[in-house]
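Two complexes are shown next, each including subunit A; its partner changes from subunit B in the first to subunit C in the second.
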Partner chain A sequence: MRVTFPHMGFMHIPIKSLLEGLHREVVVPPPITQHTLALGIKYAPESACLPLKIGLGNYIEALEAGADTILMAGGWGPCRFGLYAQVQRDILQELGYDFQMVILEAPDSKISQLFDQLKRLGEKVSFFEAVQAIRFAWYKTAAIEKAEERYLFTLPRTIDKDRAEQLWDQVLLGIDQAKSRKAVDEILNQALQAWDGLPLHHEPVLRIGLVGEVYTVLEPFSNQNIARNLGRLNAEVSNSIQLTEWLNDNLFKGHLIKSRTPHINNCARPYLPCSVGGHGRETVGTTVNFAHQGYDGVVQVGPLTCMPEIVAQTILIRVAKEEQIPCMTLYFDEHSGNAGIQTRLEAFTDMLRRRKALQTENSDFQQGGTCSAVLSRG
Partner chain B sequence: MQYFLGVDIGSVSSNFVLIDQQQQVVSKVYLRTNGNPVNAIREGFQSLRRQMPEDAGIAAVGATGSGRHLADIILGADVVKNEITTHAVAACHYDPACQTVIEIGGQDSKIIILRDGIVYDFAMNTVCAAGTGSFLDQQAARLGIAIENLGEQSLASSRPVRIAGRCGVFAESDMIHKQQMGYPMSDILMGLCEAMVRNYLNNVGKGKKILAPVVFQGGVAANRGIRKAFEKSLGLPVAVPENHDVMGAIGAAILAGEAVSASQPTRFRGDGFILEGDFKTRSLDCQGCPNLCEVACIMRDRKILSYWGDRCRKWETSLKPAAQAVVV
Partner chain C sequence: MTRVGIPQGLFYFYHYPLWKTFFSDLGAEVITSGPTSRQTIDVGIDHAVDECCLPIKVYFGHVYQMMQQQPDYILVPRLISTEHRSYICPKFMGIPDMIRATMPDCPPLIDITIDCSRETRQLWRDIYQLGTLFKASRKSTKAAYEHGLQEMRSLRVLVRQGYTPGEAMQLWENNGEGQTLDNNSDICVGVLGHGYSLYDPAISLNLIQRLRDLGCKVVLLESCSRDLVEQEAARLPKKVFWTLGRKMLGSALVMDQSEDIDGIVYLACFGCGPDSMVGDIVSRKVNHKPFMLVTIDEHSGEGGLLTRLEAFCDMLRRKQVRELESNIPAYGFYAHSH
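Right, the complex of A and B next:
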């Protein structure tokens, strides 16, 4: 059995580690490229959303590379994602691929059901080994998230943005190859130190919350690397969703760490008191949460035609007004030209800077400071 | 006498303006990009040069539009700004009290909400060009009417017909149907204008609070039918500035003027660089990974000025100022 799975951000690193811990041979799909997307577009239903198409491309490339088993998350609820594993399986079968598809479902009641599912995936694995494998994979994820946080903090503040980006790519490679917790710690600490040592500039830095559909938030290929682009515009990006959080909420039913979901739902309540499928409610809730934390703006991302995000987008108009937080929505599809996205991001950060400058000026005025006559432009 | 140059290289038109120290437009050039922005930039610059007074010097350059980076490479810009910011700056300069800017260009349309002279909110059309100048262009061509006369003709209408505005294809089939029913041309044209305005307000303007004064700019603002349809739909007067077609360039010029100061000399490359050399663009398929990025490259004679279009930025960052390669 040679197992593969779809890409989503850096998720392949912990999943690979987990499966190897279960004594499985793993075929990580090649990094997502235009070719991956082209394959997905060719065989997926035209009206399906981007995550299905890219995922399908991942499978085809992995099957070609020798995989014979696909591991995919299932799900339920009004978002189409719950059905994607089945649709993708049918398409691949029609194309004549010989493979087995294992669909991981979140347990209904007991966490042990999930451990059982994972254990069955393994070969001659004791319960203890299964738990060890999960814990090491989790350790890697937490380390990467810590690195990501520092990277997203450093990128907008440093002059040497190329170097900051290189370090991030190196951390991902290093942690992927690490075999022990000690090795993970070493790589992480080295990178943290290197980021801290980069030369800084003294321009003001914006803080922007990235909210929206989980795949588009987590997978840089699908969002045209928005965090990097904003970082280069001196804006620090905070993701509304972390991979650990998503896995904890969706697969482990909140058993691993304390879930933020009740708090986020509370934030959403005045605007959206119920679930609308997908991440609709989380989008609204995390936007409110970012506003409470004093962020300068929020960018909502989603795949084109994503119903829950369309619902959330409409509600964000009211959130933006009442919580005083500018929001911009970007939908992504197969188009590759990034001039349009770049223009919108530049315009958005320009706007945030001016609004921020004006606010500072007003508060200076209230505190008795002098108000400079004209705002500087640009 | 020192002037500031603003250029707006769009998908459909390329605009050039020269403003003086008092931010008044001295001369302007509006020409079609025709899919060849490099040519458009040189041609536009040349014809602007001819209009300029003999003793005039260029003290600063601002570039905007989707081709702003290309303009920067060829002209040497002090400010490279997105279209939202430049249009807002120009609208504020035209009417400092302005609260809403409607801008409809060749392939995109935008709304900018201003409060107290700063951009408060904005939106651009997303994936479809149904409500933009290209669509009007195409329909005018189909009906055999010069695009310049479309607005005038529609003003004669007393009873505009209803045309679906959501999609260019739907609109076209609706128009054909109404023509076949025998409606007068002016009513159909006004119907088209109203459909475009409805589309704009429902998509681009969705959820935005449109307050007077409203300034309407961009190439489509020349169309008096569209302007009338906006006024009817909004119930507000809509002002169209005299230089509505080059507002982006004006904004870029104003920003450029603010950016250069005694301590910051201009990056303008000078007439010789722009007008004498032979500029060429080439594209190459990078074989570095399966992305197979199409990398564009611009050269002046044999010197490579810039690469762009690669996802990993390998090519883009390969030309640090010190090491500019020479292609043999």
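Right, the complex of A and C next:
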């Protein structure tokens, strides 16, 4: 049994560590490239959303590399993600691949159901070993997130942006290969120090919140590496979604760490009182939260035709006006080009800078800025 | 007299008799925004975000047109679920908030939440609260709602006879007067699609009537036996969690095995999430009948649709003749384009 799974940002690092801890042979799909996407587009339903297509490409490449078992998450609507695994399995079977698909469904109520599902994946694994494996994977994720936070903080502030990016790539590689907590700590501390030592510039730095659908936020390939692009434009990006948070809320039902969700839902309440599936309500809530925290702007990302994000996008028009925070929505599909996105991001950051400058000028007269803008692609 | 506006889009084709009866019984005057016109679509496109699907844009248009008639309230229900553990579509869950965000000066919305996915007690609480808006007692509110449900059922009976919900609605409103079905057709086509796009002639580009004009008998999913549909839909490894999607899939499988049906047409909307998945599953599972998937959006032209329907009908007729001549079964055929 050689297990594979779809990519989502740096999720392959903890999952690989987890499965290896369960004594499974793991085939990590090759990094996502245009070729991966091309495979996905070729076989996936034309109007399906981008994550399904990229995921399908991952599977094909991993199966070609010798995997025979696919690990995938399920779900129960109303977002179409819940049917991904079913459709992908049918497509792969029609293509003649020999494999089995293990679909992890989020437990209805009991956390032990999830442990059972995970334990079944393992081979001759004791309960103690399973818990160890989960804890080590979690440790790695938390370390990467700490590194990411510092990386996103340093990138817009430093002159040496190439070096900052290099360090980030090295951290990912290093933590992936680390075998013990001590090794993880070492890599993390080294990188943190290196980032702190980079030369800084004295230009003002914008703070931008990144909100939207979880896959597009977390997977740089699907969002044309938006965090890096914004960082190079001297804008600090804060992700609304952290992998640990997402896993905690969705897979572990908030049992592992204290969830931020109730607070976010409260923020969204005046605009959207109920869940609309996917990340719709979270998008609205985190945007309001970013506005309260004094961020300069918000960028919403999602795959084209994503239903919950369309609801959120419509409501963000009102949020932008009432909370006075400029919002821009970017949808991505297989036709998205880097140059187009780059131009939009430059225009957006220019607008934010102008607005910020106007606000500081006006604040002497106690007026406060009221300029807000909503841009949408089209 | 309080005037309640009901926009003629989305679940109008399923739930209008219910709400019309309910509000009339409570002593309100019910007005509608009228059938979808080109103008409705244009206004809707102006007000909705670009990425919405066509039926949602049309609904925005209806709400806007409704506003021009200045009703006291507009009914925009928040439709989460109509049955246990099933959903409609995320956009239906947020539609009152979407309307408020884009049309700030609209009259108060009646955004009653319909969620039967877990328990119906909350729904009844909301209905009673709605009754207080019209100063009705709990008892008369309950009676009005039950009367409404009854009327909705009588409409379903008409639909099961082969009328489209639009035609059935006319019959219902005019007490049985309206167009009758003629039966001079030589081929029989099953037509699937979300009711709010399929039964609105402006959205579906009159697909059903066009097929009839081409000499087809049209079978809708509402006329398939409900138990059979559910039974077929349950054969899949995982149940489809969209109510309408599951029904479409089940009916497609029923039609696939039915001897009376010659071919299946599936009307999908561009940008519709459920269609993008269910359409694909259906096209994979329908193996015995010719199947055509038509995708529409606001740019679709009638000419293109008519050509495809004609070609499809011609193909069905040729297949019939060939099957008469030889006993070799013609195998499945699948066409897919915009």
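Quick note on the criterion: the second predicted complex is superposed on the first by the 362 of 378 C-alpha atoms of A that agree within 3 Å, B and C clash if a C-alpha of one lies under 4 Å from a C-alpha of the other, contacts with A are read in each partner's own complex, and residues count from 1 in each chain.
Operating definition for what follows: a contact is a pair of C-beta atoms (placed from the backbone, for glycine too) under 8 Å apart; a residue touches a chain by one contact, two chains touch by 3 or more.
If you're wondering where the values come from, they're calculated on a predicted model, not measured in any experiment.
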{"item": "A:R80 touches, of subunit B and subunit C: first, second, both or neither?", "value": "second"}
{"item": "Contacts of A:I317 with subunit B and subunit C, given as first, second, both or neither", "value": "both"}
{"item": "Touching partner for A:L304 - first (subunit B), second (subunit C), both, neither", "value": "both"}
{"item": "Which of subunit B and subunit C A:P45 touches, first, second, both or neither", "value": "second"}
{"item": "Contacts of A:M351 with subunit B and subunit C, given as first, second, both or neither", "value": "first"}
{"item": "Which superposed partner A:Y331 touches (first subunit B, second subunit C, both, neither)", "value": "both"}
{"item": "Partner chain in contact with A:L272 - subunit B first, subunit C second, else both or neither", "value": "second"}
{"item": "Touching partner for A:G212 - first (subunit B), second (subunit C), both, neither", "value": "neither"}
{"item": "Residues on subunit A lying within both footprints (that of subunit B and that of subunit C)", "value": "304, 314, 317, 331, 376-378"}
{"item": "Residue ranges of subunit C touching subunit A (in the complex, touch as defined)", "value": "48-53, 78, 80, 85-91, 93-94, 97-98, 100-102, 104, 113, 236-238, 240-242, 268, 270-277, 279-281, 284, 295, 336"}
{"item": "Residues of subunit A that touch subunit C when the two form their complex", "value": "45-49, 74, 76-80, 82-83, 85-87, 90, 94, 271-278, 280, 304-308, 310-319, 331, 376-378"}
{"item": "Complex contact set, residues of subunit B against subunit A", "value": "66, 79, 81-85, 89, 108, 116-122, 124, 126-127, 206-207, 254-255, 258-259, 289-293, 313, 317"}
{"item": "Residues of subunit A touching subunit B in the complex", "value": "30-31, 33-36, 162, 304, 314, 317, 320, 326, 331, 333, 335, 339-340, 342-344, 346-348, 350-351, 354-355, 358, 375-378"}
